[in-house]
Each structure stands twice: as C-alpha cells, then as structure tokens.
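Just below is one structure, and these are the notes that go with it.
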C-alpha cells in the first residue's frame, strides 16, 4: 500500500519534471542580457543586472530555503519535513512560477518565448514565499502530494492576482506584503479551515523541544536579517535605499516591542519562544508595501511597533479563539506573522498613496505610482491612459488589497475541497506532526 | 512577584520604544541619497551607496545576529537567551546608537536632523558588536533588564570614545579593534568584576552538551567567514582590497595555530571546542586596526599566528587565574578573543603608523592618517591644522588605545555598580546560566 | 602516548605555519589592485575587483566552511570533527594553494613574487573544495594528521592538473566540475580504497540521529543556495548571467527528481535523508562545466534531472556494491554527489564544445574556448598558436577529463599508501566515526 502510494507520488512528480523540460524547451529562452552576443559588438557585459541584483537575490534565496525551512523546524518530530519538504515545494514552485509568468506576460501563442533572467528568478523566489507561507498554516497536517497540489493551484492564482494588482490596477507593493504575505496567509488559512480535523486538538506532537526551538531560530534570524533585501530587491536608486532603511528600522522596533509584550502577556512574565520566532518578523511584513515610500524613519519604527503589538496579541489571544470558534488551526500562526501585518501593510500603502504629492515625493511619486497624474495635464506614464489623483490611487490600493483577500480565501477554500478528496493520503491521528509519515527517520539511540 | 517584575520590564522597554519614535520623529531624517529627488533632476540613482556597501553591511549584520547569537549558545541550558537576548540587545543598540551618533555628529540644537543611510546602519551594527562582546563576559549571570541598562550606558560611552579617537585624536582603526573589541571586552570584564559572585564557582550549568557545541560552531564560522567584511566594510579602493586580503590570511593562519596549540596544551592531546569556537577568530580582531595598511601578506599571517598563541594560552592559563585571583568571571572568554587580541591590534596599529611614509604608502598614507603631513609643507587634510610625523601619529594611536582602555574599565566599573543595586532581579544560584530565568522553556520529552 | 602524539601533531603544524610565514614573506605580494597607489594618480579605486567579485566569493566561502562543514555533521558522534576538522583543512589548503599556485604561475625563480587578490582567494577556496570532497570519502576513518598530509599532496596534484587542463589543453570548466569535483571525488575514493578496513562493516557509530540530520541540512541548503556563485564566480558578462541561471534551474529540477526517486526506491515509499542531503546537490555539479555555455534553460533542467537519477541510484545500489565488491567505503557517498555527476559534467562539456559555433555562440565561443579558431583564418586568441575546430575542442575536453581521472586515482592511491604507514595514529575499532579520537567531548548530561 505505502509502496504503491509512494510509487504514485514519485512517478507523478517525476513525470511533472519531465513535462517542465518540454515546456521550457518550447516556451523559454535566456533573456537578451544572458544570451551570447552574436552581433559582434561586445555590449552586454555592462547590461548585465547581475552585479546590482544578484546579492539581494541571494539574500532572498536564503530566506526561502534556510529562513522558511528552519523557522518551521520548531516542532519536535517534524524537522525533516519542515526543512526538506520546504525545499521540495520551493524548488517546485520556482519552476511553476516561471512557466505561469511566461503564460501571463509573454505572447506565447503569438510565438514568443518567455525570457529568464535574474529578475525573473527573484520573482520566482517571491512566488515560492507565497506557498511557503501557506505551508506554515497546514504544517504537519497534510501529505507531500497535497502540498504540491496546493502549490500548483496557489501559484497560478497568486500570479494572476499579482498581475491584476500591478498591471491592471497599477498598485504599488514593493515588498509584496499584499501579493505574497496576505495572499499566502489567507489562502493557507482557508485550506486549513476546510481540512480541519478534531485530531489536532491538543495533539501531543504539536510542540517544541529545546533544541528544535534553536533550529527554528536559525530560520527566524536569517529571515530577519535579509528582509531589507526582500523589500528592496525589486527597487533601485533612492527607493531602494529607503526600502532598506525602513525595513531595518521597522524590524528593530518590532523586536523590542515583541520582547516587551511577550513578557507582559505571560503570567510568570517570561518570554515565549513562539513570539520571538515569529512576531519579531512582523515588522518586515508590515512595512512591505510602503518600504520604498518616504515614510520617514519614525514612520518605519511606528509600523514595526504596531506590527509587534498585533502579532503578539494575535498569538496570545486570537489564534486559540480562531481554532476554537472558527475551526481554523494555524500551525505556525501565519495569520499573526503574515496575515494581519500584511493587511496593515496594505492599508498603510493606501494611506500613503492618498497622501502622496509631487511636491513632497518628487520623482518618486511617478516611479512608485505610474498611474498617477504628474500634474494637472501630464500623466506620470504616457503609455497608461490614467491621470489618477492621490485619493484615487489610495482607493485602487485598497481595492487591490480586498481583491487579494477575496481570491486568496475563495481559492484556498476551493483548493481545500480538492485536497479533502480521500485520494491524497492525508495524515491522521498519530501520524500528524510526525516525520514518520514521510521519512525514514533516524533513531535517537547514540550507540 | 514575577509577573509584576515582567510588567515592569515589559512596560519599561515598550515606553522606551515609544520614546525612540518621538526622538526619530523630531531629530532624524533620511540621508540625501535616500530622500526622494524633488529637484527634477533624476540624479541620485548613481549616488546611492547601496551597490557598494550593502553586501558587506549584510555580512556584518549576519555576524551580529547569527554570529554572536549562536556563538553564545554553547551553554547547555542557555541557548534561548544566547540567541534571543542577543537579538533583543542588538535591536535595542541599533536604535540607541543611531540616536547617540545623531547627538554627537549632527547639530541637533542648531535645528539640524541626523541623517540615516546605509553607512550609519553599518556604524549602528558596529555599535551593537561592542555591547554583544560585553554580553559574552556576563553571559548567564545577569537579567535582561540589566543587559539593556548596560547596553544603554555602554553605547553612549563607546560612541563618545570612538568620536574622541577618530575625530579628535585622528587615529586609524578601520576594523574597530580598539573602539569595538577592546572597549567591549574591558567594559564587560569590569562589569563582571563588580558583579562577581561565588555562586558561579564550578556551577553545574556552566558547560556545554554535544549539540550545543555544534550550534555554537554556526556562530563561530559565520563570524570567521564574514570578518573580512567587518574589517573592510568601511574602507574603499585598494585599502578595502587589502583589508579583505589581510583578514582572510590572518584568520587562516590563526585557525591552524589554534588547532596546533589546543592539542599541545591538552594532557591527552585532544582539541578543545572552547578554543576552536573562539581562538580561531582572534586573527580577525588582531588584524583589525591595521587591516587596510600595507602589512604585506606575511605580516597578516604573522598577526593571525600571534593572536592564536595569545588566545589559546589565555583560555588555558590566564582565564582560570583571572577568576581565582582577580575574581573576574568571563563566561565566554572575551578577554582572550576580543581583549588581548584587540590590544595587540592597537599596538600593531601604532607601530605601523610610526613606520608609514609617503614613499612606501603612497596615497594610502593620507587616506588612512589624515592628520599626517604629506610632506614638509603640506598637510594631508587641509581642513585639519595638523602636520604630524610618523612617530607622532604612532603616539596618537597608542594614546587612543590607552584612552579606550580607561573609559572602558572605568565606565564598566561604574555601570557594574549601578547594576549591583538590588532592583534588577539578577539571577542567583540555580537560575544562573539557565533559560528558566527568562523563558518559558520547552520540555525535552519527545512525546 | 596520546600526549606525545598530540605534541608531534601540534608542533608539526605549528612549524608548518611558521614556514608559511617565511614563504609568503619571500615569495608573495599584494596584487597591484591591492597595493597602495604610489604614483600620485589615484586610479586604483575603480580597478578594484572587490565590488564585482566579493559577493560571489563570500558565497563560495560559506559553501566551504558552513556548507561542507555542516553537510558532514550527519554522523551522530562525529559532528565536532565534521565542522571543526573541515575548518582546519580548509584554512590549511587556502594557504598551501596560494603558495602552490605561486610556484606554478609566477616566475619565482626569476625573482617575481606571486600576487594575492580576491580572484586568487576564490581560486584558493576552490582548491579547498577539492580536498573537502575527498575528506567526505574518508570521513571518520582517518586522523587529523592524515588529513593534512592528504591535503598537502592533493592540493599540489590538483593544481598541477588544473594548470594542465586550463593552460596546456585549453579546456573550459567554469564551475570546476572536472578539476574540483571529479578530482576530489576519485582522489578520495582511491585513498579510501587503499585504507579499507573490515572494521567499518556495519559499524554502529556510522549513522545519524534525528538532530544530526538537521545540522547536516544546514550544510546541504547553503551549498544548494550558493552553487550559482560557485559556477558563476569566475565568469563575467553574459557568461556569468547564464551560469547563474543554468545552475539555479538545474538544482531546482534535481531537487524534484531526487525526492521522486527517493520515494520510488524505498520499500515503504518514504524519503531518505541521505538522498535529500546529497543528491539534491548533484545538479550543481552536473551543470558545472557547461554552466556558462548556451545550454538553454531546458538543457540546464535536463542536466539536473539526469544528475538526480544517477545520484539517487548511486546511493541506493552502487555504493553498497562498491563497498562489498571493490572494498571502497565512501562515508559521505562523494562518488554519487561529486564523482559521477562530475564525469557527466565533463562529458556534457565535451559535447557542447563539439557543437559550439560562432554563429550560435557569438563572442561567447572565443571567450569560453580561447583555443578555437574564430573563423577559417583567425585564431580566437592570437597569443595561442591554436586554431581548433569544434570537434577538436570536444576531444581536448574529453582528454582533460580522462587526465583528471588518471591523476586523481593514481595520486590518491599513492597518497593512500603513504597514509597506510603505521605512524599516523589512524583510528580503529571503537574510535572509528567518533569524535573521542580527536576531541575533548562534552558529556550529554544536562545537569
């Protein structure tokens, strides 16, 4: 039985990978800057984005595989899956995202091919983040094949949502707090709701041991450190410099407040590792949409402060209530780390958009909001036939946030229904939160 | 009691963070290179320091949070605090340092605001290093609130000392071996001396277990790897290239000699993890002041070799004697890793300064020692009214080292006295070296 | 006895390090770009390679010390040695490699000195990789002094082989899959063959425990993440951009297929940590030689797919057979991760070389294969008196692969014989795969 199941799983993803080869063979090509120069003129040395983009890309890459992977090793018996299945999903989504983005952005039917470059690799890593956030909500409760099915549909929907937000509604979200964090969190929560089982109630394996908490901190800290690259990686010039500064300050403030509140809400006044591992990061999410905007240093610090309050209180009071009342069991508390802080980020983005003016923002106004009117008679971007006011731009930002929530929740719910079919070997009872479901596990006897 | 204490702690740092918001709101601003361009000319893309400075900044950032944090996880029951409180202190000092530096360097009273940019972020991370080194000396023996009080006063004094050294005495210390390592080590040792308690004598919890030593090595190796960025991050051009080369070579040599001596000084000829975790890094400290100077490759290797000898012998013979005779209990042995190698770096800097000549150093002489005379009639820096000879510059370097030692020891002693007040909930007896004092600790039963 | 042995070990490597100081003092100098500018013109700021090369160098540096070091911590009782001795060997090889390369490339006898710069540091790190791969084959079965003796001879031979391949045969191997991976793997396997002992048969200490597998994953993932820097660090322009893209895609595909096959070959259909820790990386090796060539995205994905198949099947079926039949005991399975995928890379390089044409490859053809003829009458590189056709270049690539295999196997065999002398304190019986042979080990009692 198990062997047949495995064969099914193994053969399925092997065949999928062969299919990817075909899709890339027929539809993909190197971007011009990565193609051999066949014009005789040796010009593309300078046009390479590698020196500027690669260091930040690698930081984001570390966040995906070390950051998310180790953050989720906190469960005492689910470490192999946390870091291993995380790697599987991310490697899968990277490829799916490149293909899906190709279908969306390139005229494949017209015979074009979609280009691959370092910028697309960064976008593919962001796409992986979306799914890894959802993974956090269902950690320990689904099978590897369920995760891959979820990853497939979620990536398609998330890319369509991002396309709508950025290219149809012309909304700004430099650190992807809406398109990645809000989407990933609420999609995952919707899946978790549909798949809810009483088996998870006070499950003895849902908890940490001392050293699993330390492994988890490896993930937390790499996420924390490299978050300025996540929020600034897609920006440039003064926008990028601000994104780095704002994220750095927001996270520093968020960390202080997380420690403060963690002690305050504990009966014995001690810190809780769950808060430190997660809520310290909420400042990176909360400042994501506005990171490249002239928030001012104090504004960034304020965002981090508010994010920590929301996140710690969420872990302490809201999450238990959500499980009890709404039957949403959120293993990693992604609602508190990605969900609510992401909504906060989206709202802050709308507010900032409504306050933006050419006087104060200078050239950044048009850089960040291309659909704005530069002045009464000039569009920021001549190619777009839009002349939005500040208030209108703010409205579009809010619309984008709401659309993101809708697509995530409905898409997650439908995906959850699909995953409820009794064909996916969903773990139950004693196999919940346990690597034994997926892995040949080393025994712990030292000799 | 505990809850009231926690409330006091939590509320205090929460209020402090709110105060920081106000201070940043009234006193800070983005640096020009991070401000929106409101002049119409789109010029600040090129002026951004992000492409040049950011990769090295991130390396230093990793050193602070992963490096120091995990290095200190070697204690078997103090891992949460090592990596968690390390994060709290660093996030706190980052903000304090930016503010303190603002008061020192900007004309705040005249109405100016202090600028925030990637260079200031690097300086703020260096400021965190100072305090994290002192943390090593008192690890496991003080409460979180004591650490924050220490961090506050230490950051002020360390910034004033650095200002005196760099801007008044015009001394060179590119890798901050004097201003960060010597200061942090002797400040921490002075605090440890004042807080000395017999309770720490052969305390059963002051020791490692197998896997805590491996966690610690994560810290060691990231510190080791990124040290060239620490010593070279504030340099540029050929000075930066040399800083990277010298640090790389010094650390490689230091590692070999540490292993050699660790085996030699052990009765059974085995390596000691304490040496490997710490003394291998002494080469980075020892070459810090001279890293950008034309030491020559062999000179860098010699510095690393000497540093390893001092450091391993310090761990083996000096530290136990310091505890016994001087009643200085140095949990992480920061005297051997940061203290003595830092003094060595300072002396080497003075010697190199006394040997520097325009003939051999070319433009580097004035770049590194702006207070020197370029020749008999020309000052290196016209704005400074100084025309120092090589010997004079060497004297100023020594003076700066001695002032650093004095401020650190006196400042640390006074801070220690303040921390001795019976209001800080200093851990005692069984709570020494134990996370239970600060954390809700996961129990170790697997199921 | 043990103490005398240690003294011998310690004094030997200490003296060696002193000898290195002399060699560097008489033979090495800073590269021009790292020398002080003594011409008055301040020109070398711009000529520094630091901004372009340093970020990728640091990624490779992390691969050597964190990547290899932690990958090998999977053994339950050999973690100190994995990460510690790895550090010792790497720091040793860095210095040996710089000196050996000096003897090969600089006219030392004619009075020149060999230059040190960031590029040489990258080459020295690559040299360390070669030895660390061999270390994997003999992990747990040899003493520290044996490893240093092996490192010394292997580094000399590997550098001579690389010199022959690159500068005499003019073969391309941008990611050093032949010169580093094939060489290191087969050299190590030859040593392991000569040192084979029945003691290793089903040794109770040769295995993982739960948390040692997680430590190992830290190594795996950092190797996986930064592999594009390994394959692209020595390239530039569009070649570098392609190297990054190809490696990224190859590794993603390799990861999917590794998981697929790991489940397929297991009786109960579970994943095996050994496969995930190792075979996921084979895609980086397999694409190494051709990484900068216009493989096309699908070609890179195909390479990763094939690499995973070879590697997982190697672990499952070939390795046990090699131990049983050939008496080659390969602790980390380097044959499956570095050996066979490296041979695949070399063959792929030969095939690509035989297909390369000016039409399709443009300026990349001459950049990658300088010994080719640009057209019927023009040499790619006028300084070389070669006008090779595509097929000829393919032949030279194969020749280089075969020479690499020969030198590695013969050199490894001879080195093995030297290490068989009964003077090296080779561990036996209960000290196999056990840190007790080298370290003062922390006991595991928590209090």
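Letters are used for the chains, namely A, B and C, taken in the order the chains are written, and counting of residues starts over at 1 for each.
Everything that follows uses one rule, which is that a residue touches a chain if its C-beta (ideal position, glycine included) is under 8 Å from a C-beta of that chain, and two chains touch if they have at least 3 such contacts.
Given the structure is predicted, the values throughout are model-derived calculations rather than measurements.
Enquirer: Based on the touch definition given at the start, go ahead and assign the chain network to line, ring, star, complete or other.
Expert: Drawn as a graph, the chains make a fully connected set, so complete.
Enquirer: Pick same or different for copies chain A and chain C, depending on whether their interface residues overlap by over half.
Expert: Different residues, largely: of all residue numbers at this interface, under half are found in both copies.
Enquirer: Rounded to the nearest whole Å, what is the centre-to-centre distance of chain A and chain C, using the mean of the C-alpha atoms as each centre?
Expert: For chain A versus chain C, the centre distance works out to 34 Å.
Enquirer: Counting only residues that touch at least two other chains, what does the list for chain C look like?
Expert: 51, 55, 211, 218, 444
Enquirer: Quick check on the complex: what are the chain A residues that touch chain B?
Expert: That would be residues 51-52, 55-56, 59, 76-77, 204-205, 207-214, 217-218, 221-222, 224-226, 229, 232, 236-238, 240-242, 244-245, 248-249, 251-253, 255-257, 259-264, 266-273, 276, 280, 294, 296-298, 301-302, 305, 359-365, 444 of chain A.
Enquirer: In the complex formed with chain C, which residues of chain A make contact?
Expert: Touch list, chain A to chain C: 2-7, 9-14, 16-18, 20-22, 24-25, 28-31, 33-40, 42, 44-45, 48-51, 54-55, 58, 61-62, 65-66, 69-70, 73, 79-80, 83-84, 87-88, 91-92, 94-95, 116-118, 121, 144, 211, 215, 218, 438-447.
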